[in-house]
Amino acid sequence: MVLELKRPQDATLQALAGSTRTFLSYLLSFVYIAIYWNNHHHLFQVVERVSGGVLWANLHLLFWLSLVPFMTSWAEENDYAVWPVVGYGVNLFLAGSAYFVLQQAIYRTAGGSSLREALGRDVKGKASVVIYVVGIGLAFVNPLLAIGVYAAVAVIWLVPDRRVERYLAAREATAAD
Amino acid sequence: MVLELKRPQDATLQALAGSTRTFLSYLLSFVYIAIYWNNHHHLFQVVERVSGGVLWANLHLLFWLSLVPFMTSWAEENDYAVWPVVGYGVNLFLAGSAYFVLQQAIYRTAGGSSLREALGRDVKGKASVVIYVVGIGLAFVNPLLAIGVYAAVAVIWLVPDRRVERYLAAREATAAD
Amino acid sequence: MVLELKRPQDATLQALAGSTRTFLSYLLSFVYIAIYWNNHHHLFQVVERVSGGVLWANLHLLFWLSLVPFMTSWAEENDYAVWPVVGYGVNLFLAGSAYFVLQQAIYRTAGGSSLREALGRDVKGKASVVIYVVGIGLAFVNPLLAIGVYAAVAVIWLVPDRRVERYLAAREATAAD
Amino acid sequence: MVLELKRPQDATLQALAGSTRTFLSYLLSFVYIAIYWNNHHHLFQVVERVSGGVLWANLHLLFWLSLVPFMTSWAEENDYAVWPVVGYGVNLFLAGSAYFVLQQAIYRTAGGSSLREALGRDVKGKASVVIYVVGIGLAFVNPLLAIGVYAAVAVIWLVPDRRVERYLAAREATAAD
């Protein structure tokens, strides 16, 4: 599935302004996919040989990410009604969980305890999943508020995960000794 | 071709539930492509230099996989009528055969007899092709039953092919001696 | 641009049979893109560092290949009328020429005279371009005949280019001395 | 988002000629994306390890590039009216700025002062951004003139950036001493 952005009907500035919400929803989904792509890239720098389990955990994550454009377009076409926004949140929740499972699969194969220590308690990962649940609950009260909560999680993640960078630097330093 | 998933018409939970079959068919096709992608990735870990024959066998497989979204959408638009479901099965049968041909091409180029021994009698590969034929036959009786049979093959393959992993581990152990 | 394959209107075997020409045109375009992809992959095995000139020659080829689906759909929607079939041939001619330019750029950067010798007089490459011109001429007489001529070039190329494989094997043998 | 090229309505040479403007706009957007892809490829040859900052700067650039097909189709559907052409220019301006930010991020991570010296004062990069602003201004007078100005920037960049090639060659020469 491909993220879509429909062009405004007219060639006026007003028509473009009328697309603001569409644009913001495109931006949010783009940022979400970018966040996963970035952290994913980081995570795989650690992996030396990919096992069957890691491949499957990876495709499991990819499956939920492949539904993000679907949920985005459902929410948008229905003016951010309750159920599509709930669905969007459930989708993000499942993608977040899949990322957690992928991390575990990589621990088991490649990293061992030193990687696990480097990543620490994974506060951001666990917090995100909790915040998604809060957002899903809020969607029943006010869907736009829920979108705001989902966006807040994105902002938390925009700061890249420096733990893996530190781990790689430390490993190189050790190897150089 | 790209796997497509159409959004529900309305913003209700019922509309989403009405998309269950569409969703399941998206899931089945996604899983099929994932299975090939995974086994493919495994297989190519063994290959050191890609010959012309392997490239062609690979594109032959890609050709049949590229038709999966086409067959999925044909079956779905026609409510899983007999011929589209037969076509879907024939497509899977041809992709399964193409994978077998690719394996043979890789044996000839890279692996030699030790890889062939490691992969053993390839029970799963041969069984799949037979089960597809059974599924195609069943489609004339009950198309949904045939879809169930195709899905059963997917489940068999969800367990990744550990033979290649064992082969690589053994080769590394030998190299370390 | 993406190669497209429209599903038959009905769920009957006749409807599928009615799509034969569509299917064959999808197959021809797929094979063309596969041929370029394969030879391209072979060619780049020789290159050690990509210069600006090679990158541009590569994108130039990509540009003409990106028009193949466009020409395919124009020809098909118009029942293989004269001009679309001429356009398809011109497109293939330009892609063939771009491949030739790319080869020259790679010679200059990476291979030197030994690669040039290995590739020999490039009979197939030059013959293809001539045959395309013949096909374009024939399109004014009978468009389907022209399609047959284009397909004949594809068949010539289905045999992969063993020259590069021999060159790589020879280079490795020399390095091992 | 994917660059789109609509086929002509009829199978005549006139219909194809009627698509000239569409074709030119496809060509311009293709060339823009090709320019970024090429310079991007060059730039990343210098990078040895990708930091979080570089990944984000990269995705930031990708975001603006992902809007180019959207702006192209908006401008084209509205016969190159003022606002869509202004939007196209603003988009190119933002992509140009994002490329500058990416360069800075790479300097900080990988290259140090020697790379910065090699790239010199980056005259082309700075000139482009200024010319885009001129083009955006001209769009209010004559949108087609503005498109011409945008195309002029593309022509400036078609000459690949030899600075990075020289830098890499120099670094290799130093390493060989």
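Chains here go by letter, A, B, C and D, matching the order in which they are written, and residues are numbered from 1 within each.
Basically, contacts are C-beta pairs under 8 Å (C-beta built on N, C-alpha and C of every residue); 3 or more make two chains touch, one makes a residue touch a chain.
Keep in mind that this is a model prediction, so the values were computed, not measured.
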Problem - Chain-contact steps, minimal, separating chain D from chain B - result: 2
Exercise for the section: Examine where the copies chain B and chain C touch and state whether the two sides share over half of their residue numbers (same) or under half (different). Expected result: different
Problem - Angle of the C-alpha superposing rotation, chain A to chain D, to the nearest 5 degrees - result: 90
Handout entry: chain A and chain B, separation of their C-alpha mean positions in angstrom
Key = 28
Exercise for the section: Report, in whole Å, the distance between the mean C-alpha point of chain A and the mean C-alpha point of chain C. Expected result: 39
Fill in the blank from the handout: Shared-interface residues of chain A (touching two or more other chains) are 2
Practice task
Could you classify the connectivity of these chains, where an edge means two chains touch, as line, ring, star, complete or other?
Solution key: ring
Problem - Residues of chain D touching chain A in the complex - result: 1-2, 49-53, 55-56, 59, 62-63, 66-67, 70, 73-74, 77-78, 81-84, 87
Practice task
Going by the contact rule at the top, pick out the chain A residues touching chain D in the complex.
Solution key: 2-5, 7-8, 10-13, 16, 27, 30, 34, 37-38, 41-42, 158, 160-162, 165, 168
